[in-house]
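Reviewing the structure listed below.
Labels run A, B, C, D and E following the written order; every chain starts at residue 1.
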């Protein structure tokens, strides 16, 4: 019946079984997936079931075989995931950057004191003990934050350091309400900007690079994994056409792209 | 507080939107909760009556376990069902994860203790007298059970309302086993969470209001039916 | 299913850990829910009895609103309290957001409809007879109320258990208004969600088991007290 | 306590079930109300004891015409189908005393005394729900009597008692009345009982008092034909 | 239906409340049980009607000694404190017929007939909870009689009725018994009533049957001293 619906579409390929994509909330919440996926679904006459969860849960779903493809951003964990044999064929897809945002008044004086130096910024925050919000959920963003603190030689602790254990969006809301600094990915920040009272204070440090990767779940670990679908998906998302589309995303609304494609 | 006012307008907009996705989400919410409560009802109400009225060994312990399960966190219920239905789980071959069916299973787990527990308390004091009366008039077991249900309909109705209230409002279980997949397993509560996470409080409240209004209408229907 | 087995060991480990953070989370969970139910109890039980027993204009409408509020999604309850207490909200000057107090307020909102609704159904049929009897023996209004509570303790107990069950298991409200701040407002359910999001299913289940075990113990205590 | 009723009217669904122009229960007497099922006897005592509200009319209590609220503590009703609290017999009998804040020792004393009077001494620690029908009825009586009310309303309070118990209870009520000077209103279907304990007799029918008078007159030489017929029907038994 | 009881024993908390070696209710008679409160009358009929379980002993039903399960449909008990379903009078009376799957028309016919017999025709659409005490008792009677049981157990079923209604009900029961040949067991505290309707009389005390015989013998020339005393106490009234 499905084939009858669009039988004479030119780019029509053989239909695919539905694919389950486990991803972090930033890709879905920013609207990227809603922007690019219809193209894939039409092309292969299939459905991509997007399960947007925490990075850890996404990995766990991959391990359990409950997803066919992962689109996440936590390089260390991703490499380990592949090394342990749960995933195959990791590719980088795109990147954006992390930024440090905070109260527009900038009580720790990051703008003046740190410029674009993220580590310096954290030192300033810790030095003045101004409130800082940490996602504290072992996500890609949290892993990056931990790395930065390490770089700064500080073990953050105390009342000013609030580990809230939730996703990027709620953490941003929390930081805004508490007038606290926070490390965030640019995409989520931009998409929520209007409801937040937070300004971008530190950006452009090369340490703040945020790489997204796509991994196929190892089809040999569990029966029933949609290997063909995963192959096609990775092939598709790395195609020039789609990469170009990713580059376009957000320009109209935010005046800049939210993700910069670097698929390879 | 603007958000709340906006929420009201938002709710109106949603309902009048004619948007198929919105209607799909609303419909799925209602159906999943409704089916869960109906399925649970068929065993939970009789079970509540039987446990409430009869003495048997370890009765108190059984009641306390039921009471305890009223405190089962939805996420845990979801997690257990997830682990069962996951590809790597014992029922993985059913391929039921991330389907409305899976959501129903998790919700049945969640609402049954409430329906059993409240029913049980409602029939404990009066059930025996009603049963005896039914028996003296020649009712068989089934008929006596049905009579008890009718006579205690206030309490049993409350148990169903409380159960339905929990089912339609919880998010942890449906989120985990359903996956909150757009157009497929997204329901009102998962949508509320999504909107809240994105900072769209107006929209979250709007969906919440729609949910409550629908539940209110459902309650009116139930009340009508109870009266009859 | 390994996760579930591991969860059991994990639960044991947690309880025996001697870890102050773990105990803090458990303690806060118990206290917040307990305080919420106690506060709600003081007005919800009498309110349930009064609504259940008396005829007054719009009574049916009131009951249906209460029933409807049983379906209030925790996130929405949380959101409303959040908007009230947020810096830009009307009560922002209290600086109560992200404190245990705020969590209590949200939970009171959440459990009261359940306590009122189940109490109401439980006293509807018998309350008047008990009240009349009390009055003929010279009880004043307060004493009659207390007598009704004692006579209908099964149903009222069930309402409290259901209320406490909801309070201790819900996560949407406490997450929003509490903020899930480590060492400050993190409770068992928010910890469960966090562990789940991080993919630590074992740990999530372990906390869930601890929660259920504690609630079980609480039920035993309540039962003891009810019997007395 | 004297009770003066005037213009009392009660309807259910538009159907009048009580319609009493003037009725006075004098202080310190035993008044017996007889009459067929559904004639409004229970409705009348329920209104006097404040459990139901009349549609019209007033009930004034005591010689200085007090309102119900002022005397509620001195009135006790034993209902036609008494509800026993789901506790022990002792607690049931002690209930009213506890409400009045009586101290523990005195309560115990009074409860034991009352239980003895109605032959329930052996039952004090029993759960009320396990009693036989007649035993339950005696608990209901005891917990009313223990309060020493100034107005005691009894609605078929001996219907399930055995003959010996009936005799005992009647004596208890008479003794109680003589000792305290209370006013007693006693509803019964048992004309023999009415003959034994009444000072004044009232015949109700269709919500009205259709005959009222001393025992001697009502039973010996009733005014109305209806009363004669009602009593005739009775005496067959 | 004949009822044969042997070695029946029931204890509560170690205290025996029923202890009957041999007792037979012959088919097609009206048996009246009298006895003081707490003597075990209700316990006995509850066991016969399957509502309670005996600790020891057996009850055999019918001439070929059937077990309870085989005859449950032919036995009906009117309890001492009947529970009326929270519906209309009609539905209450129709209850048993509906359970037996009687068709609608016939049910309506039988219910109306039964209601007329107990003088409740005008009450059929009323909610049972709004009835007076005596009216309730008549509903309980009607819903039992409408089933035309082979064994009809009545536990103080006329205690709250007015004299005229008592007369009517007694006639109804007698007529029913003659028409169907049913066995009737009737508990009452009213000796006059026992005299009127009994064919055989049983006096229970302390859980035992202490006198058993035809009406004439028991009332005219009782065997035991206790019976004489019990009846004497009665006749004062």
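One rule holds for everything that comes next: a contact is a pair of C-beta atoms (placed from the backbone, for glycine too) under 8 Å apart; a residue touches a chain by one contact, two chains touch by 3 or more.
Computed from a predicted structure; not experimentally measured.
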Partner chains that chain B and chain C have in common: A
Chain E reached from chain A - shortest hop count over touching chains: 2
By count of C-beta pairs in contact, the leading pair of chains: B-C
Relative to chain D, chain with the most remote C-alpha centre: A
Farthest chain relative to chain C (centres taken as mean CA coordinates): E
For chain C paired with chain E, centre-to-centre distance based on mean C-alpha positions, whole Å: 50
Between chain E and chain D, distance of the C-alpha-averaged centres to the nearest whole Å: 28
For chain C paired with chain D, centre-to-centre distance based on mean C-alpha positions, whole Å: 46
CA centroid of chain A to CA centroid of chain C, Å: 36
Multi-chain contact residues (two or more partners), chain A: 167, 170
Where chain D touches two or more other chains at once, by residue number: 86
Per-residue multi-chain contacts in chain C, two or more chains: 125, 176, 193, 196, 201
Set of all touching chain pairs, with the criterion as stated earlier: A-B, A-C, B-C, B-E, C-D, D-E
Touch list for chain C against partner chain A, complex: 86-87, 97-98, 175-176, 179-184, 186, 190-191, 193-194, 196-201
Interfacial residue positions of chain D with respect to chain E in the complex: 12, 35-38, 42, 80-81, 130-135, 138, 155-156, 159-167, 189-193, 196, 230, 233-234, 236-237
Residue numbers on chain A that touch chain B, as the complex places them: 20, 25, 29, 34, 47, 49-52, 63-66, 167, 169-170, 172-173, 191-192, 194-196, 222-225
Complex contacts: residues of chain E adjacent to chain B: 49-51, 72-73, 75-79, 82-83, 85-86, 95-96, 99-100, 143-144, 147
Residue ranges of chain B in contact with chain E within the complex: 129-130, 132-140, 143, 147, 150-151
